[in-house]
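As written, the chain order gives the labels A, B and C, with residue 1 at the start of each chain.
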Amino acid sequence: MKKINKEKLPALWERLADEAALYLPVEEDGVVNFAPWKEGAAVNLDVINTMVPPKHLVFPQSENYLRFHVEGSKLEIEPLDVDGPYVVFGARPCDVAGIAIIDKLFLDEPCDTLYKERRDNGTIISLGCNEPEETCFCTSFDLEPGFSPDADISTWDLGEYLLWEPRNEKGQALTAKLDDLLEAADSGAAQAVEKLRQDAASREAAVVREHGWEVQGVKEALEDKFDSEIWDEIYRRCLGCGVCTYLCPTCHCFDVQDYSKGQEGLRFRCWDSCMFGDFTLMAHGENPRPTQKERVRQRFMHKLLYYPSNFEVYACVGCGRCVRKCPVSIDITQVIKAAGGVE
Amino acid sequence: MKQLNEVIKEVAAQSLSRGEVDLVIGWKKGDLWWQSYPAFVEGDEGVADLIWDPFCVPNLSRYLLEELDDKSKVAIFVKGCDALGFNQLLQDKRVEREKVYLYGIPCDGLVDPRKLEAAGHKWLSEVRRDGDELVLVSKEGEQRVKARDFMYDKCLTCRYPNPVTYDQMLGEAVEAQPQERFAGVEELEKISDDERFEYWARQFSRCIRCFACRNVCPACSCRECIFDIPEPRWLGKAKELSEDQFYHIIRAYHVAGRCVDCGECTRVCPVDLPLQELNRKFIKDINELYGEYDAGVDPETEAPLVTYNTNDPAAFTES
Amino acid sequence: MTVLNPLLPQVAKIVKIKAETPTIKTYRVVMPDGSKPFEHIPGQCAMISVPPVGEALFSITSSPTQEEYMEFSIVKTGSVTNFLHEVEEGFEIGIRGPYGNGFPLESFKGKDILFIGGGIGLAPLRSLINYCLDKREEFGKIDIVYGARTPDDMIQKDEIFKIWPEAPDTEVHLTVDTEWEGWEGRVGFVPQCVEEICFSPENRIAVTCGPPIMIKFVLQGLDRLGFTPEQIVTTLELRMKCGVGKCGRCNIGDKYVCKDGPVFTYAQLLNMPPEY
């Protein structure tokens, strides 16, 4: 395990930015989001949930992937290169878990090589949470606020120092390049991390218990709830805005569109959402999910039943963004409760 | 406030049991202290869940668009800003007045949970209004703070806290204490064109195009929004600044002269775009060019952008 | 070695266009070197691109036994199809695929097969029908029930009127919705026709494609005739974008129709949320 004095972080960022494009939580106009590092950037490592999760770094909101040229009846198609190496610094464990969840779908056969290439180009440095936010419930999904098993490098904020632990070869390779900036951590460090992890997890678990936000058995409970009246109650206030899906670190639905100027054009994929009315609208005007009720049901069933049926993991990491950001408080924990898990 | 919290249950129960309305739309409480959300009550069961507290911010009138499709009469609670939005729906001929019963709520300003959080007031169990103060209840006990310090910005500038239209008023009128609402616009007017362009470009580029700002807006009630038409697709789906700008300029123009300045767009924006400033720039320009006009105050007055006067200034065509 | 991005189309060429009805055309497609774009199983689909209009998924209507080219019968219903209806022979398009599971051929072997199609629903069936006819000895009796609004709305007229009726141990039953001048065949809706002929479920598989409303009544009719849900096979049509189970658009329950379908037995459909 290594450590770095927090005063040296700007030097570290500068070095990382030399190695690759560096993204980290930056505050601009009062909003903290993952943004490219620039000298003097207002890096904010205190905010737990950035407004938008860093999923857009592995799965951009829109991503051009081919260029076409049309001339009369002739067509040329040329694939575009994926951006080069990058480093994500300060990703919270839930957001890293979100990426690991999306990996399951995109890397499953047939592998989405566009995603894979971008994913492989990135090195993710996580930052453990010392304490949860009021809307955090990652422990419900067997995740730990203080630890991110899927990151390439884990870090923890111990006040004066940031502890640093590479978790795999990619992480070790990057760590080796930073040798002069990192110091060896003493034996107490491991204990301090252990304590931080336990404290954070038990504090959050207590809150989760108090609110009844445990997820145990929800998948099984939802198996016969397609026609349940729980959807009648919950959907009615929905504005169909898609905030809950765009800000969700696990949502991964996309649309494919063309953009053209004269004979040249680009094809791109861009985020889409099952909460939008046109998501399933067919060319001849029929829509298998005609009202917001079916759409709200799809969102929750997909996260809590369909995705786990296919990939053995819930498509929710309990980051609480949708809980916080839905303008009318349609809150996944309400569905979890209404579904009622088995003990 | 406590009282009003009881009154709303009574009136809702009454209207429903007498069969005067098929549905009452009010608010109910979620698990977390700041969650007060729209509730749809059709029978006695739901009435007890209805609440009024400092977080009942969502405007309920937009739900009328859908709910009135299959109901003959619906009752909703309206705060001052909600009543303006309701009037705008009337003026735009999207709802029929006779099909709606309005319980008016004189509103002394609602609380922005994020302002409380920013000041370190977290992990609360309840927040109550008591006169000019808020009582913050947590496991550690109670704490009193000044309500005005934590109100939504839109509430600080509110000029119509008492509903301008209602069928039944549920409390004593409150006194409006509006701060100057164009202060933000004036700040932006002072900076250079380039700086202002850069400012808005930075804001717009944060937009994730969720359309929450449109979906919540009482002036955005078109049956088919231009941004939703699949063919031709006016607004590209690419996350490009030019598309972001296109969306925001068109949205602002489409609500110009009809925006009631309720601030809902700004509240719901998940990435904090200061849309109210943009809307207010339009309001301010309209006021300056065509005379003071407050959309939503009186659905019978003619709106300046849809009336023509030979002596109207030609500011849009003059260079 | 780099695996290709599954969303990346290859350039292909439309070499022949046949107008089937006023709103349906059949397109013959080959690669620029004249070869067939790729191998497929009956029931599978391909994504066809016409930049800058976009992409859409179509079932491959030619049989895999056709080694020279691939064919698609396309109805004019949206931006991509409207555009395709305007192009001429020689036009280049993008193509990627094959997508989907295709018909479960193994389970059809040795059985009698009853094809039930309506309108454009013949397109996916045709791939399988010609496959079965080319491998005649592997399958039992073949019956084809096909209907359209009017005789003019029928597609693949050469095959339905001439070629298939003459194939060994094969019967073609054509029907139109209402009386039509010059039409001497059956009149009535497809589901009715199926019940009238009274097909026995004995050792028989029913494969049906067509408008949802037709399928609904066909299923009821087959049920009355004694067919079990396992004996009935159909295809689903949904809005698709990626074709490879990634974009989420065609997700129904734990299935992605583009990848796990579009072919499902009725028994499978009964276990899925009814969102199609």
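Side notes on the structure shown:
One rule holds for everything that comes next: a contact is a pair of C-beta atoms (placed from the backbone, for glycine too) under 8 Å apart; a residue touches a chain by one contact, two chains touch by 3 or more.
Please read these numbers as outputs of a predicted model, since none were measured by experiment.
Among the other chains, C has the CA centre that is most remote from the centre of chain A. Chain nearest the geometric middle of the protein is A, using mean C-alpha positions.
Among the chain pairings, A-C comes first (most C-beta pairs in contact). Computed from the mean C-alpha positions, the centre of chain A lies at a distance of 39 Å from the centre of chain C. Centre to centre, using the average C-alpha position, chain A and chain B are separated by 31 Å. Per-chain CA centroids place chain B at a distance of 51 Å from chain C. Among the residues of chain A, those in touch with two or more other chains are 255, 257, 259, 272, 281. With touch defined as above, residues shared between interfaces to two or more other chains in chain C number as follows: 78-79.
Shared interface positions of chain B, defined as residues touching 2 or more other chains, are 230. Those residues of chain A lying in contact with chain C across their complex are 65-66, 68, 70, 73-77, 79, 105-106, 108, 110-114, 226, 252-260, 265, 267, 269, 272, 274, 279-284, 286, 288-289, 294, 298, 301-302, 305-306, 309-310. Put simply, chain B touches chain A in their complex at residues 30-32, 35-40, 58, 62-63, 122-123, 202-203, 206, 208, 210-212, 215-216, 228, 230, 233, 236-240, 267-268, 270-272.
In the complex of the two chains, the chain C residues touching chain A come out as 2-11, 49, 51-56, 77-81, 87-88, 90-94, 212, 237-239, 241-242, 244-249, 251-254, 273, 275-276. On the chain A side of its complex with chain B, the touching residues are 28-31, 33, 51-52, 60-62, 134-135, 211, 236-237, 239-243, 246-247, 255, 257, 259, 268, 270-273, 277-278, 281, 323, 325, 327-331, 333-334.
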